[in-house]
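The first chain written gets the first letter, and so on, giving A, B, C and D; residue counts start at 1 in each chain.
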């Protein structure tokens, strides 16, 4: 598996941009305020880096949990023994797709209270769907004759899954993980509404005041974060992508 | 084709359920038939109650009004609407004048009359907008804890609270982002009473009155608006603020200069009920809407009837 | 080597295979010939238990197939299908090494075997071993499929219309090569096809099936002489006898008796070609020459006509 | 007992157990006060036995494991649901608890479990029912029944209705804004998306530009994209104040609509391209060979064949827009999202969420069946493969 650096370049650039942004944006903002003479007595109590950290923590936890649950649900519905509950899982997953993430967040507050715990639970509910669909579509996407030949050659069931089905299904499964993470990143920004912290706080602030500088402070880091996640996962996906495999 | 029929049925169902519920208000004799006064207010309960009182009072006084109460769903749209020609009458708080004139931290806003006078002539001069006489109430931002918590740690005013925090009392305080940042918010209180809330004790996002009252997730303190109707039901105790750090937020109607010149009578019509709205009265009215769940229009109507401005139908 | 004893397969109400009994001697190619849906593929898949038979027994080397563990049984049988089914994410080398790696061969032996296999199917090791299946042509891919099936040197080879998806020219080429390999390795092969031409060319014995039942099981020549079954006659087609000529080489029946004729044909050429040369050149006898051009004898039109009778007794 | 009806039976038993659970419903003297947990028996009184009876009948029907039995089981499940709602709200007066004009009953864990398990029973039963139109018919009828009951005020005991009455003045307006935003966004998305989808499939350059834009904007979270759009809107509204009445102002639904249109265009472009790609190849050549002009080829051959994929794209976009419009409420754009922002009572959230789910569900089901019923649909290759899920 030759390892090219080219696809990872944009990720590095974006990470550097994010770090620079979180270190220097505060000072730039106040300088601009002095220039324009807008007296801004707001004394931000939060450092941008800390918020980014919180945001990544929420997205990481909810991403990991929704991937685990999604894979388990996917495996269950694909396995012989639990074929019966497959239609139930599918319908439930289909219904949750219809519920807006904002409603999910607020419904869970009376149950789990405010804070990161509720946010993670809500994000997991949002994030499980694409993972589940990725796993099911990925495994069903493996050409059946390849599996039949593998069986015909005497490969044991477990090995077939490990060596044939998983690697071939991996690109679609990873695409499911990627969609799930993207949904989590955006839902995490909403989670600030229920006290879960993260970059959402700045964004809510931006939505409230509508001041250009606050909007930039609130939105740019989130967008950078989302794009970094996206490109990283796309690169990992390409490593597994079979069509583009070639010996040269 | 059968499938299509069942689909049409489903859509029809949804339509009947919704159309059936809404009914528009009925017609009346009018003084200014041609251009109705546009009444546009945000949709939180206190705004809606006072909005409907104004609507009913004006309609009783023979003015046609276009009811856009609740059309402003964000408080930040309020100032924009206030100055834009889309709305004739809206409502604002005197304390917000501090933002509009960007004079955070000035002491003048801590007294109702001075603050009112300041914003009144500023807006009259710069934006030709009239701030009508304010209600004698103060819906300011203070801290609240449950009654049991206050009794247990014998917290009565902010000095006791400062003492409690300083000797390491366990605290989880919920507050919206802006209150943590602006001079008369938490920073002002911390400076005045000499205490410091650590970052991990803060839950930034939104007020959490219900969570504090139920103690979910270890939440034991929240920022609260002092005329909030849910204080009694949720068993909360608003910590007194002897040094009066936050400004006075007295609700008062704000009307376009042109509208006031055309119909000066509006000032007296609205003042008739505004002057009776003390903090306690507002708390009672909010309580009906927020705690009991009554409709703001009926609450406004009952109140006007109770003070004799409206005859009960 | 392989004995099928009245095996039967039902899919609900439909019976795919009815009481099929077949004896396949070691080292021979047995072709299952029939229209699509006659149960030939199902029979093949029952042998390596991809499809469990509804009833009946399969004996391999005298032992009942159920006694072998399933994986071991399948590893002892090479398996080639029309859709080839190379693992897209494995290189050609890794594909070929699939079964040997299951048998835990060491790397040196594996590498030797891969070189050997690729040479056997006529593919150059250096250019092809690192390639991926999507970079191969249809013919090349099928060669790798055969190489993969034979890699672990299994005694039995199951082939389900392996050359079906390839263009006629490379199909002919693949068949010849496969025959060369078979002459060398003497595997017991069960070959499923619906192409009569291919059956005649490859099959030591042909089992003709229809609607799940075995109609006839005999050598290609035997089918002409002994076959009574009308369905088989129609299925094999009226010009079947000429096609069978392809199985006999000119050298095989050459003798000294007749006069020399100036038209000559190489010994390795089959009688079908010899006959068409006779017709083409209008001469009723041919001189058979070996590789170095010396005459080995001659054949006449009569010899070709009686060839079946003579080989039979 | 064959394997498959084991699951249905377990589900029916769960729904029975759910009714017996102590925490079936919550009683609230006032909107804000903490919930008092009440059991189904206490809450429904004698109606409890009727509903239990219905569940028992469903159990018997399921055991019969006959085709007609499953149809009847589905019918009884729906009937049980409607009756349960009706009796719950009716029983409010007879509850021996201290009540006020504003006390209400909201769904407790028991009720949610009952709903989930009954839905499970209906889904499993529908697998065995051959009549395809039976289930949609019963669901529509029961939904109409519930709607009628609600309009007549028979369901007022339920917290959701109480919330509705306390928000009555603005509710319809918010709903209409929500629908208008969705329709507006969808119209714009279709007008932009379909031609773009065709163009992208035609020229490589267009494809490169569009997809690079799509890949970036797609990853940006919706809410921050809306915030970013507030800047240009603010500049526009300050420079040309007269634009304000068209909604071009910083707050309000403007930025949200533009952002949602962007997000709605993506699935439409993807699916239209997949649809046209599906068609391209040999059909067009043959049509050209027969001397058909460019436009007739497009309308006679390409569009009809690509139509199912386009409808599929529109369906995904519509579902996303309906749920996405809730974000508009965060910048004062109105819509049902407003009710989802209030965390003090779960029922307000339900008040906002139920219409959104109903709209999303009916649009999705409607368009899916529309694709199936189209007379001139090409060969029925499953478009699911080409579907670009969000």
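For the reader, a short list of remarks on this structure follows.
Assume a contact is a pair of C-beta atoms (placed from the backbone, for glycine too) under 8 Å apart; a residue touches a chain by one contact, two chains touch by 3 or more.
Predicted model, so just to flag it, every value in this text is computed and none were measured.
Under the touch definition stated at the top, chain A and chain D share these contacting partners: B. Compared with chain A, the chain whose C-alpha mean position is the greatest distance off is C. One inter-chain figure worth recording: chain B and chain C are separated by 89 Å, centre to centre, where each centre is the mean of the chain's CA atoms. Chain B and chain D have Cα centroids lying 34 Å from one another. Between the Cα centres of chain C and chain D there is a gap of 59 Å. Once the centre of each chain is set as its mean CA position, chain A and chain B turn out to be 38 Å apart.
Under the contact definition stated at the top, the residues of chain B that touch 2 or more other chains are 74, 76, 206, 208, 210. Looking at chain C, no residue sits in touch with two or more other chains. Contacts with at least two other chains are made by residues 250-251, 330-331, 343 of chain D.
By the definition given earlier, chain contacts exist for A-B, A-C, A-D, B-D.
Within the complex formed with chain D, the residues of chain B that make contact are 1-7, 9-14, 16-18, 20-22, 43, 67, 69-74, 76-77, 80, 84, 86, 206, 208-210, 213-214, 230, 233-234, 289-297. Note for the complex: chain D touches chain A at residues 3-4, 6-7, 119-120, 123-124, 127, 215-216, 218-228, 230-231, 234, 250-251, 319, 323-324, 326-327, 330-331, 337, 340-343, 345-346, 349-350, 352-353, 356-357, 360-361, 364, 389-390. Chain C makes touch with chain A in their complex at residues 45, 48, 50, 70-79, 81, 83-89, 91, 98-99, 102, 130-132, 134-135, 148-149, 158. Of all residues in chain A, only 143, 145-146, 148-156, 159, 164, 167-168, 240, 242-243, 245-247 touch chain C in the complex they form. Residues of chain A that touch chain D in their complex: 84-85, 87-88, 91, 95, 97-103, 106-107, 109-110, 114, 130, 133, 179, 182, 185-187, 189-190, 193-194, 203-204, 206-207, 210, 212, 215-216, 218-219, 222-223, 226-227, 229-230.
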